Structures are given as C-alpha cells and as structure tokens.
Amino acid sequence: MGDAIAFYTLAAFILGFAILVISTRDTVHSILFLVLDFLFVAALYVLLGAEFVAVIQVLVYAGGIVVLYLFVVMLVNLKRPPEVYQDPNRRTRMGYALAGAVLVELAAIATWGYVTPPPPAAAPSAMPVTGNTEQVGWLLYTSYLIPFEVASMLLLVAMIGAIVLAKREL
Amino acid sequence: MAAATPKPPGGPAAPAAGHVPKAAPPSGPPDPPPPGDKTAPAFIAGLQQTLPGAVTGVSYWVGDWTIIVVAERIVEVAEHLRRAAGAAFDMCSDVTATDWPPRAERFDVIYCLYSTRHRHRVRVKVKVADHQAIGSVTHVWPAANWLEREVFDMFGVTFEGHPDLRRILMPEDWQGFPQRKDYPLEGPGELLMENPIDWLKLRQAIDEADIE
Amino acid sequence: MFDTDELVLNMGPQHPSTHGVLRVVLRLDGEKVVDADVVIGYLHRGIEKLSENRSWTQIILLTDRMDYVAAATSNVGYCETVEKLMQLEVPRRARYVRTILCELQRIASHCLWVGTHAMDIGAMTVFLYAFRERELILDLFEDFCGARLTYNSMRIGGLPLDIPPGWDKKVLEFCRIMDSKLDEYEALLTHNRIWLERTRGIGVIDGEDAAGLGLCGPALRGSGIARDVRKDEPYAAYDELEFDIPLGAAGDTYDRYLVRMEEFRQSLRIIRQATEGIPEGPIVGKVPRLIKPAAGETYHAIESPKGELGFFIVSDGKSTNPYRFRVRPPSFCNLQGLRRLVRGHLVADVVALIGSLDIVLGEVDR
Amino acid sequence: MVDNFVIPLLQIVIVLNATLVGVTYMVLLERKVIAWAQSRLGPMRVGPYGILQPIADVIKLMIKEDITPARADRWVFTAAPIIAVVPAFIVYAVIPFGETAHLFGRTITLYITDINVGLLYIVSVASVGVYGIILAGYSSNSKYPLLASLRASAQLISYEVAVTLTLVSVILMAGSLSMVSIVHAQRDAGFWFAFVQPIAFGIFLVGGLAETNRAPFDLPEAEQELTGGFHTEYSGMRFALFFLAEYANMIVVSSVATTLFLGGWLRPFPNVAALAFLDVIPDWTWFLAKSFVFLYVFIWVRATLPRYRYDQLMRLGWKFLIPLAIVNLVVTGFVKVLAG
C-alpha cells in the first residue's frame, strides 16, 4: 500500500515535470525541470530497491550530462526572440507522424507486456554474489558482456569524434 | 623677442583669478640660438643635410638641444631621426604642446626624443596654427599614440594619420580644450558639479541671449 | 546559426585589480582577449593646468598627488627641473639625502608593487609581508618630514629640513631588516611553480618594440634594454655611487618581476653607500628669494620607481608661475603598452599584466 | 518507534547543527590561521581573541539587505544558493564519525546511515552541487558571474573524473562502497589506505581542493580577476548560503579523505596491540583530529600559493591527474588480482 502511494506520487511528479520540460518557454527553466525529473526517476529506482542504478542515474544524468546541456544553452544567445529559431522548412506533419508511430509502439509494448507473463528473471539466488551493486556488476560482465562492450566501444568512438570535431587544428 | 618687453607681473599671480588674462601675454618662447662655444651634435647637421629646408632653427638652452622644424615635414624628420645611424632616436619620451595665443601659429608641438643606443636627447618643435593638422608620428614611434591623443585632447591639435584620435583624459563629449591659455581655470565645469540647477539656468539664459 | 559572438567585458573603473580607476574594455573570444581598449581619465584633476596657475614653490605639493605611492620622487624630479632651468647649484649633502629618499621611495613603491602583483595572481601573503616593510619606510619618512604619504619633502635648491639626528642609523637598520625580508618574498614566489607558470611567457615584448611603445623603467629593462636615467643622465648623487642595472632577457612578466626584485637589492646598496657617505654641509644652495626663472624651456627626467619621470617646463621669465608645466608620466606610457601585451592572452593574464606594468592612476591621469 | 524515528532524527539534528557550528568556526579558524601566516592577529575585537566573531558575522549576513538585480532570472537566482547548499549538507548522512557509542543504555551508531552505495551517493550528490554555481552565474545576468560559472562547471566536471577514479582504487582495496565497510577494511588490513595508495591520496587532495574551489584552484571566485566570481551579484543571506556550502564542502572533503585514506575513526596503527592504551580516547576524536589536519592544510595552501590560470588548471586535470589516476587504478587492479 505504502509502496503504491509512493509510486503513484512519484510517477505523477515525473509526468508533471516532463510536461513542464517541453512546455516551458525559458530553455534554462526547462533544463532545470529535466534535472528534477531525473531526480524523481532516481527516487523511483530507490523504491524498486535498485540503489546502485538510482545513484548512477543522479551521477551520470543529473550531475553530468545535463550540466553540459546547460552549458550549451547558456552560451547560445537566448535573448533573441523565438521567431528567429522558427525553421520555415520544418515538416510539422512528419513530426506528428513520427510521434504517432512512437505512441503506437509504446502501446504495443505495454499491451504485449500485459498479455504475456514476464519471462523468468535471472533468479538472484542463482548469482554467487549478494547486494545490489555486486549483482549489477555480475550481470554486466556475464549475461550482458557483449552489449556492454559494444556500448563502451560506441562511446569511445563518439568521444574521439567529438574531440576531432571540436579541435579542428590538432 | 618676447623677453624684450619686460613687464612687472603685478605681484604674485592670484591663482583664483587665473582666468583673467594677464597683461600682454608672451607671444612665444625665446628659443635662444646656441652660443658660439657650443657646436650642435652631428645628427642635427646630418638632418639639415638630408632634408634641406625642413629645419628652420636650432636652439640651445640649459643643456638641451631643440630643433625647430617646418610643420608640414615633421613626419619626414621623425622618420629620418628614427632611422639615421647617427641619430637612432628609438624612444619618443614625450609629445606635448604649448599655447602662445598672440602668435599666428599659436601652438608649439614638442617631441622629446631619446636614443637608447647613443644615449642622447633632442627636442623637435613644430609651430602649428589653430585648425592646422600635422602628420602623426605614430607609425614611427607607437608610443606617440596616446601622447598625441593627449595633445589633441588638451589643445585641439589634430594629427593626420593617427589611428585612433579620440579624447583620452577628458570625457568623450567634452567641449573645449582645457590646456589652451584662453580656457578658464574655473568655470561651468565646477559649477555644473556643485550646483547643476544653477548651471542649467545659466545656460538657458545664455541660449536665450544668443537667440535674441 | 553557429556564428559565435565576441563577449565584451568591461573591466573597471571599479574592479579589484585595476589598481585604481582604470577601465579596460576587453573583447573576448571565450576567455581569450581579442582586443582591449584602455580607457583612462577617471582621476584627471588637471594638475598641469593647475600648476600653470600656481607659484613655482606651490607646485611641489601638487607633484605629491601624482604618483602618490612615490611622492618624494616626483618632488625631486620637479625641483631638479626648476634648478636646471635656473642653473642652481645644489649642495652635496642635499643631493645625497635626495638620493636616499628616492631610493627609499623606490623600495616603498616596489613593495606596493610586489604585494599587489602577487595578490593579483592570487598569492595574498606576499601582499601583507610587503606592506609590513613599506610601513617601516613610511615611518622613516615620517621622521624626516612629518608626513607619511604626501611628503612635500623637497625645496627648490635643496631640502626643507636637515635629516633628524639618528635618522641615518635607522635607515641602515631598515636596510638590514629589508635584506632578510626580500628573501622571504622570493621564497614565496621566485621558484614557485604556479608563479612561474603564471608569469613566464606572459606579455612577451622584445626590446625594440618596448622602446618604440615608450615603455620605460623596469618594464623596458625587463626586455633587456639597459636604459636607466640614473646611469644615463645622472642626477642627485647617483654619479658618485655604485650600483648595477638589472636586465631581463625574455621580456615577459617573470623577467619584469626579477628585474624589480633585483632593483630592491640595488636600492639597498645605494642607500647604504649614500647613508654612510653623507657629507657635511649646507642643505640649501643659493636660491633667490623670489623664484622666477629666466624665459626658456627645459625637459628633465629622473628615474622614478615606474620609469622615466620627465618634466617639461616653460618659463616666460615674467610671472611667478610656469608658463607651461608638463609631466611625462611613466605610468601613462607604460599603460599604453597594455593593449599590445594583453592581446591573445586570457582574462587572468590581464590582471597579471596590469600588475606587471606597475601603474599608479594618479600619475596616469594627473 | 524510538529506534526507527527518534534516534535518527536526533542524529540528523545533531549532525546538521554541529556542521553549521563547524562551518562558522571554520571561517574563524581560516581567518586566524591566515592572519598568523601573514604576521597579523586576525579578528580580535568580538569576544576574547575574536571567538565570537563568527556569530557577529552570521548576524551581519542575516540582517543585510538581500538584493536581486533588476534583470536577473528571479526564480533561478533564488534557487541557486539553495541548490548549492542542500547537497553540501545531505552528504553528511553517510559519513561515519565513529563506530558506536553507548548512551543511556542504548548502542547508538555514530553515523546517520550506512548504505551499501555510500561512496557513490557522496559523489553523485556532490555532482548536483555544481548546479548551484552554474545557475548563480547564469541567473545574475552579469558577465563576470557568467564567466565564473563557465569556469566552475568545466573545473568541477573535470576534476570529478580524477577524484572518482581515485575513489575506485580505494573501492578495489576495500571491496565495498559502504563508508563503514571501508573503515573496517582498513582495520582488518592493519594499515591506512593512504600508505598503500599514496598516488590516489595525492590526487584526491588536489582534486578536493579543486572541487571545493579552494586556492590555488579558486578560479570561479577569483576576486582579482572576476570580482568575486559567480556570487558577485549576491548579498545578504543568499550570499551566506554560498559561503556555507563552500565551507561545508570543505568539511565533507576532509571527512571523506579521512574515512578513505586515514582510517576514519581508527587510532594510529590499529593492529599494534602495544598502542592499545590509545583506545581510551573516543573514536570520534580521532576522526575529528584527522579531519582537522586536512582543513588546516586547506587553509595553509591558501595562504601560500598563487592561483592557477584556467587553461593551466584544465591541463593539470586532464593531462596529468586523470592519466595518473587511470594508471594507478590499473596497477591497483593487477596487484589485487595477482595477490588473489
């Protein structure tokens, strides 16, 4: 019961802030709502008993990535009226179509999850380690080793690309 | 020479009445020629040879040599003095001016030069009339930039070819040239500071008088 | 969409590190200075104009107000110019005391410089150490003339007062203290890695450019040009004393720092020699009761702590005030070099460079 | 009820208040130590030897006029100091000041809580603190704070990487993320981690100075360059909050350094039985004494060193500290694996 109340309260906050993120005119305020959103998502993870993921969520998303967003937004001259940013070639219809597609996809996934029972998760008892952090580590380096390594390679490539783009005269 | 008509200065100069013109202001510096036992340094002779007609006089007083130069040729003279091996004046210590209102060419613009190689000094002087522009020596000595700006600011002497001729010490919108002899020592500036309302009234009165 | 704007940063006239009311309008690309416009005049009091309406002796106290951290030097410079114009002979004793005062003043001014320069770069302890020693010099000046900042300590033709009894002992005692304190400053700065990184290669200017830009004093000697009025055109008693002119090589902020630190030691050397060799005799030469130089003009320069302090004075021979009184302020000419020095450096270097030029706005604006 | 509610609440109240008092007296300590370094006396007027000076300062800051610049982003301007100060204080939840104390027949832990991701919690909360500085600089609508906040965000993010990497080597040594377990690991190992991880210790100290914006890395608030940096436009209580956050962060860094590298509440040489007589001193005293040493070093450094320049600071972080931390981490991992 308590968990349910906490969940729905948090979920309401997350949705509310998400709406504020896209509806606020001031970009910096919008980013601040995004940070709040991330913090509440982290709280949701805590509720699920995943402290490690919660802390990483705060560390990486709220503390790291969004700071860089803020960095960019601060440096862009926002004193110009929003009309300047209106792209006359913007394809509004295509945007709606894409949004619709995503919505359908989400609905499909939700329905699918509802009608089919979840596959048996790797039972915690099957792992030789206990504790949230240790379990995450165990899974990452056993079952999900290849996706993990692929993701890290991808990030490495992205990083090098960013450096090359930013520093033309190396 | 101005010194030929000595006049008693009328007691100690009353500073408060500084803007009252003194009786018979001097009409120019004496610029005494060098005495017989002094021979001008070699670079002055060199200058006279290389640029004939540019030097109108050479003066010597209490150990300082001064070359008086035609206003139109100051840039040539400056370039020569900077380059010539015997002169090599690589430092422009100072650019300043004096105002002698009774004279037709009322300003003396004075360049104090120094050579770090030969360790000698000379002053170059040109006579400039009001509203007459002279060439800027900024390209010869970058140091002259601000110094010429100050002369422009204080005396209103214009320098042609100066990269950035703006007022330097006075505010941008200042009227008049403070170091001129006819500029009062006290005046609206102070009144404006202390009592702006009175100053506005005074100005209105002057404007109305002008219109009538 | 991706064009970048330059940021215009207005530094001053109220800013902790512009040493008074200097204003520098910086155009920045990120933190890099693209261009700088140095705006002065906020402390302009019209000393030149004022002096043309004051009697010859009254001007001495106006010269105090120019370089107010080295007032005695300005006094000496002005008095010597008038003496040159009048061809007055100054007694040897007076010339020796003038030398001591000038050099004490140089140390006091350099103390203020090393303190504020280090403070600008973030080392705040040196600031208080240097002010502690400056206090000792101010005490010496107080003993000599009663004032601590604006001394009015000179008269045309000599000194207003003889040195008080025992003063020379106190000066020698001060030299002894100062020697060890200099090592203290240097221990904190000279070999400090951060200090080296902050000053080496910052604001490099070669000798020829520096001379052309009109830099003078330690700023010019830091670029390796041996130009010191004390040696080249000796005044006071400098021709009778032994001292060296420290020179830099690279012409960067660190060399200017080293030059000034060595000047501390050379000044102490001069003071020691002069104090031990003060001759007996009168302190004022034969000065006419009414000071009224014959018509004529002259330019005379002395080496102030900041550089070549020149006076160009025109007398019309008739009135008791100068017809034209012009100061060639060393800070003004040094400050002119700032624009050239800061280009391409970072905002943090701007304050280091302002400190390295050692300006006093009272003198820049007059 | 008492165990689950009253005692934690009491712990929180005590820790918060102790921190507040600690911060105010930290300011006095700093002024005094720097004054002595500079052959001055420091504050002497308020109370004997100036010991009431912090109280006077707090009162002054509280009653000063609180100014919001006309064109500031009002909401963000108000929120920024709060965002800066909250993370600085909630970090104290996981810092172990000691092991346990016996009071009124109860055994009370000398830490508010011990979560199994304690160290990560500290790092992540501290990373949120940077928002306070960035937003303060942005919302002031003034150029000096803006430059300062750009410097601050770059500096904090860069040094966070180096600091976190050193923490990972400590985690490898201890095998746990929990602060209490890390101290226990040092007790069981019989040595402080500072002795086996000297490089990590050094990097942590340098990074700690940078993370708390202390000299010689105090670029975001470099008075001589940026007229006060990100809090140029702040006054009164809101300025005091930034002040509070900075000093609270200093205490946090000292406490974390003590816990990770100097054995937390352990006495020196915890496994040498001959020194057992030292156990009469309560364990939290050791903790406070060790933290005090760090705080003193922070002040000492400030009195001695000039300030780095922005690009030099970044170069030091990216080209020296981070590679060194990575090498240290790899070596630690190898040694750990080889030693079994």
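Descriptive notes on the structure:
Think of it as A, B, C and D in the order they're written, each chain with its own count starting at 1.
Just so it is clear, contacts are C-beta pairs under 8 Å (C-beta built on N, C-alpha and C of every residue); 3 or more make two chains touch, one makes a residue touch a chain.
Here the structure is a predicted model, which means the values were calculated and not measured.
Farthest from chain C, judged by the mean position of CA atoms in each chain, is A.
Between the Cα centres of chain B and chain C there is a gap of 25 Å.
In this assembly, the C-alpha centroid of chain A lies 62 Å from the C-alpha centroid of chain C.
For the pair chain A and chain B, the distance between C-alpha centroids works out to 73 Å. If you average the CA atoms of chain C and of chain D, the two centres end up 44 Å from each other. Multi-chain contact residues, meaning those touching two or more other chains, do not occur anywhere in chain B.
Arrangement of the chains shown, judged by which pairs touch: a linear chain-to-chain path with two open ends.
Chain C makes touch with chain B in their complex at residues 40-41, 44, 46, 48-50, 53-55, 58, 84-85, 87, 208-209, 211-214, 216, 225-227, 232-233, 294-299, 301, 308, 310, 312, 314, 316-321, 323-324, 326, 328, 332-333, 336, 340, 365-366.
Listing the residues of chain B that touch chain C in their complex gives 2-3, 6-7, 9, 12-13, 15, 18, 22, 26, 29-30, 32, 61-64, 66, 90-94, 96, 98-99, 110, 112, 116, 119, 121, 123, 141-147, 154, 167-171, 178-179, 183, 185.
Chain C makes touch with chain D in their complex at residues 7, 9-10, 15-17, 31, 118-125, 128-129, 132, 188-189, 192, 194-195, 197-198, 346-351.
Interface residues of chain D facing chain A in the complex, by the touch rule stated above, are 73, 75-76, 79, 115-117, 120-121, 123-128, 130-131, 134-135, 138-139, 146, 149-150, 153, 157, 160, 177. On chain A, the positions that touch chain D within their shared complex are 26, 28-29, 32, 35, 39, 51-52, 55-56, 58-59, 62-64, 67-68, 70-71, 74-75, 131-133.
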